[in-house]
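The following pair of complexes shares a single chain, chain A, combined with chain B in the former and chain C in the latter.
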Partner chain A sequence: MKPWRDPGLWLSLLVTAAIGLWPAVAANKPYAREMMFTVLMSVGLASSLNIMQGYTGYVNFGHIIFFGLGGYVGFYLLSVYHAPLYVAALAGALTAALVAFLLGKAILRLRGAYFALATIGINEAARSFVKNFDPFGGPTGMTLKFHVYQAYGGANQALWITYIALVVLTLLIILVSYLVKTSKFGLGLMAIRENEDAAEVMGIVAPDAKTWAYVLSAVFPGIIGVLFFFKNGNIEPGDAFRLQQSIEVIVMVMLGGQGLVFGPLVGAAVYQRLRGYLLVSPLFKNIQLAVAGLLLLIIILFVPAGLIGWLRGRFPRLRRWLV
Partner chain B sequence: MIDFLIASLTDGLLLGFVYGIAAMGLSLIWGVMRVINLSHGATIALGMFGIYLAFTGLGMNPYLTLPLLAAASLLLGILVYFVAVHRVIDAPYLSTLLATFAVNMIVIGIGTAIFTTSPRNVDFSLGSLSLGPITVTWARVLAALAAAVVTGLLYLFLYRTRLGKSIRAVSNNKAAAELMGIATSWVLAFSFGLGTMLAAISGGLIATFFPFTILAGGGYQVKGFVICVLGGLGNPLGALIGGLILGAMEGIIPAFMETSWVPVLEFILFVIILLVRPTGLLGSKT
Partner chain C sequence: MSADIILRVENVSKRFGGLQALSDVTFDLPRGQILGLIGPNGAGKTTLFNAINGIYPPEEGRVLFNGQDITGWKPYRVAKAGLARTHQIVQPLNDLTVLENVMAGACFGHENHPLGRAREIADEVLEFVGLAERRDLLAGSLNVAQKKRLELARALASHPYLLLLDEVLAGLNPAEIAEMVQVVLKIRDQGVTILIIEHVMHALMNVSDRVIVLDYGKQIAEGTPEEIANNPRVIEAYLGDPKLAEKMLRGEV
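Entry: the complex of A and B
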């Protein structure tokens, strides 16, 4: 089927666009923008992780290092060389891709649990390295001078530009996720997920396919990192490399349904709204982490296919729409 | 310089014993049921707080509280196994990774709500021991001794008792063990309990000489992974040796460069070992 004739792709794109356009019609625009920035960022991170975790079947606890590294390199260019935002974003993407390529060549020879363990190690190593790396400000990180925002017509204007860039980027990620899933390359990845040995016998060069999947899933967090830290105005190792955040992204993918285009999108949106609710509710404010943990446990034990996966299994007619 | 090196090496090695038993717990759980236990760090933190509460609240001697802590954590581990792990034990490994991580989130979430994240310490000083150039605190010597005793008991248990032999049988071949009339569910639950117990004990011992918070377990859990991979996942003796190597590194590296570089070197070592020799220095037993 041609991509533009597939209702499933249109549904995913429309939902993303609707989330993105929400601040334009909301009453309190800056508030809605901040809220949707978090949601879209999660959608982007979850959908890009899905290429590795959902399609290829490799658990990656280090997805956030690309967010952190891309963010750091972009931020360095922004604050030291006053580079324009798109140059910084491009640099972030290239850094993430390059690091993923080199890492992938090395650690994607490992399979299953060993790969998962290695990614935990790499996350910690990256954070410890940046903490000790003086050009990036060491443990205190870096801060953007306020006049940097003048080039974009003031801080408020800069925030809107960043937001629009993120909306476009998220739509692009959804499109790429769909194209990968329906391509021959994606079919190869899913064959690796089901049985790596059999896939190799069928002529898939597994190490190459996995490396390219890894690179593809790393490029987008690299750009998101630049946008996020540009918006924030400062960057520090603790924010950029939180293992916790890597795992939250895994939870989002699982919540919506891994291996689907629509799944991570729904999972990320639901998770972020739920988390927002728990953070402000007086009853759950202090134990929101425990509640999120309980939710995760329930999904894993009883609904392993995730929300969208469950719907697809329960109502086969919906499969045309929920890809 | 040599004196300083010997002193810091001794300090590091003593610490290594304690790291070793935490890693042994991870290694045992992996060896028996192929589960990477991401709730290990939370259990280590629970062990720390167990000792802390018994000491500051009830004035109990930390070392005499250990057996009590061990029994409680054994039961906790069995409970966690049946609630969170048992249902997904045969599912792909992602499920058990995430299930144990969910347990970790629940424990840390509740712990943070109760204890906040402010640092604590167990103020129980025994003075220090001097042997020539070496001066070490008694707390570290006793912790290393306790860790050695626990290791010895674990070996006696695994090789000399019927239940221990069942654990080894299940870890060799679950289906065959079941055919021989071993109640594998209970054996798996008990192994998970043992692993949890080792984590809690090491947490309790660490609490006697380092300050800690409810989040402190995470760092030791990652050290545990490094050690397991060094010694070979699924090999308890390897875990102890890996612990000693890591402890020695932590003792010696600060003599040459800033302490903050220690984790970078540890993780580089970790990734190199994974790549070059994923079965670990001693090789995996199963």
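Entry: the complex of A and C
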């Protein structure tokens, strides 16, 4: 089927666009923009992680590494060289791609839990490296001088530009996720997920396919990191490499349904809304990771296919829409 | 090497720790033939397949395929050279549909088809092995006999020059065996060379042009099915039953 004839693709793009356009019609626009920035960022992180975890079957606790490294490199260019945002974003993407490529060569030969453990180790290693790397400001990180925003017509305008860039990027991520899933490359990845040895016997060059999947899934958090920290105005190791954030992204993918295009999108949106309610309560604020863990346990035990996967199984007629 | 030898196995040996799984196995397979491989459980038959297609490279010896030394190649490289195999223990891609399983076979083999063409080939092959009606089911939902057909379909979809079949008849009932034997013969008639491991003796004797017997990793006999059935060493390897030859040929073993 041609992509533009697939109602499933359109539904995913429309939902993303609807989230993105919400601040335009909301009463308190800056507030809505901040809220939807978080949601879109999660959608992008979850959908890109899904390429590795959902399509290829490699659980990755280190997705945020690319968010952090991309963010740092982009931020460095923004603050030290006053590079334009798109140059910084491109640099973030390239950094993430390069790191994923090299990392992939080293750790993608590990399977299952061993790969997952290695990704945790690398997150910690990246954090301590940046903490001790003086050009990036060491443990205190970096802060953008206010005049950097002047080039974008002031801080307020800069925030809107960043937001629009994120909306476009998220739409692109959804499109890429769909194109990968429905391509020959994607079929190879899913064969690897189901049975890597059998996939190789069929002629799938698993080491290469996995490396490219890893690179592709890393590029997007690399860009998102640049947008996020540009919006924030400062970056520090603790914010850039939070293992907790990696875990939350995994929960989002599982919650919505891994291996689907629509799944991580719904999972990210639902999780962020849920988190929004919980954060208001001081009790939950302190135990949000425990809540995420509990949620993960419930999903694995009772709805391993996730919300969208469950709907697809329960109502086969919906499959056309829920790809 | 003469042009019509598609596979040459030369002095191949393979050890697993202290166990000599294959010792000094040597044979030629002429293009277009069916070569049967028999031997008691644990004789090293599957290990020989693994040594040929690169799952476990042999410690000694060489494997030549279409005149090319493929010893130690990775399985995907061997597949891309036009050699396909099935697994004794079926390896379906459970969460993909039957069609997608077979498409993967067509996509990534030596012909390297795009998805559209792979879908056409997959539909032809599914028709051929009798799984067409189940094309949209998940592979994990098939029963064992159907999974065996799926293994075969996936391998066939790559349009291999050489097909290694590892006990595709095991666990099938007599009617299914008869059907599958016809399928194997048709594949040969399409010009595919076949190396087949089988425990269902009469079926193997009926389809094979020649037969090799392995016992404890050693090649103890080679010849036409009749020669093998009357070979005293083979009879000894199979529990020393003197009436074995007659039984084999009558289809009672």
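Note that in this section the second predicted complex is superposed on the first by the 311 of 323 C-alpha atoms of A that agree within 3 Å, B and C clash if a C-alpha of one lies under 4 Å from a C-alpha of the other, contacts with A are read in each partner's own complex, and residues count from 1 in each chain.
Methods note: a residue touches a chain if its C-beta (ideal position, glycine included) is under 8 Å from a C-beta of that chain, and two chains touch if they have at least 3 such contacts.
Remember, it's a predicted structure, so these values are computed and weren't measured experimentally.
When both complexes are overlaid on chain A, chain B and chain C end up sitting side by side without clashing. By the touch criterion defined above, A:106 reaches chain B but does not reach chain C. Contacts of A:184 after superposition on the shared chain: chain C is touched, whereas chain B is not.
Using the contact criterion defined above for the overlaid structures, shared-chain residue A:114 touches chain B, although it does not reach chain C.
When the two complexes are overlaid on their common chain A, residue A:155 makes contact with neither chain B nor chain C. Looking at the shared chain after the overlay, A:80 reaches neither chain B nor chain C. In the superposition on chain A, A:122 makes contact with chain B only, not with chain C. By the touch criterion stated above, A:292 is placed in contact with chain B alone, chain C being left untouched.
When the shared chain is aligned, chain B comes close enough to touch A:250, but chain C does not.
Centred on chain A, the angle reaching out to chain B and chain C in the chain A superposition, using CA centres, is 80 degrees in steps of 10.
With both complexes superposed, B is the one of chain B and chain C in contact with more chain A residues. When the shared chain is aligned, chain C comes close enough to touch A:199, but chain B does not.
Minimum C-alpha separation, chain B to chain C, in the superposed model: 13 Å. The part of chain C that touches chain A in the complex is made up of residues 53, 55, 74-76, 79-80, 84-85, 87, 91-96, 100, 103-105, 107-110, 114-115, 118, 154, 158. The residues of chain B lying in touch with chain A in their complex are 34, 36, 84, 87-88, 91-95, 97-99, 101-110, 112-113, 218, 222, 225-226, 229, 258, 260-261, 263-264, 267-268, 270-271, 274-275, 278. Here chain A touches chain C in the complex through residues 183-184, 187-188, 190-191, 193-195, 197-206, 259, going by the rule given at the top.
Partner chain B is touched in their complex by these residues of chain A: 53, 57, 59, 106-107, 109-110, 112-114, 116-118, 120-122, 124-125, 128-129, 131-132, 139, 243, 247, 250-251, 254, 286-294, 296-297, 300-301, 304.
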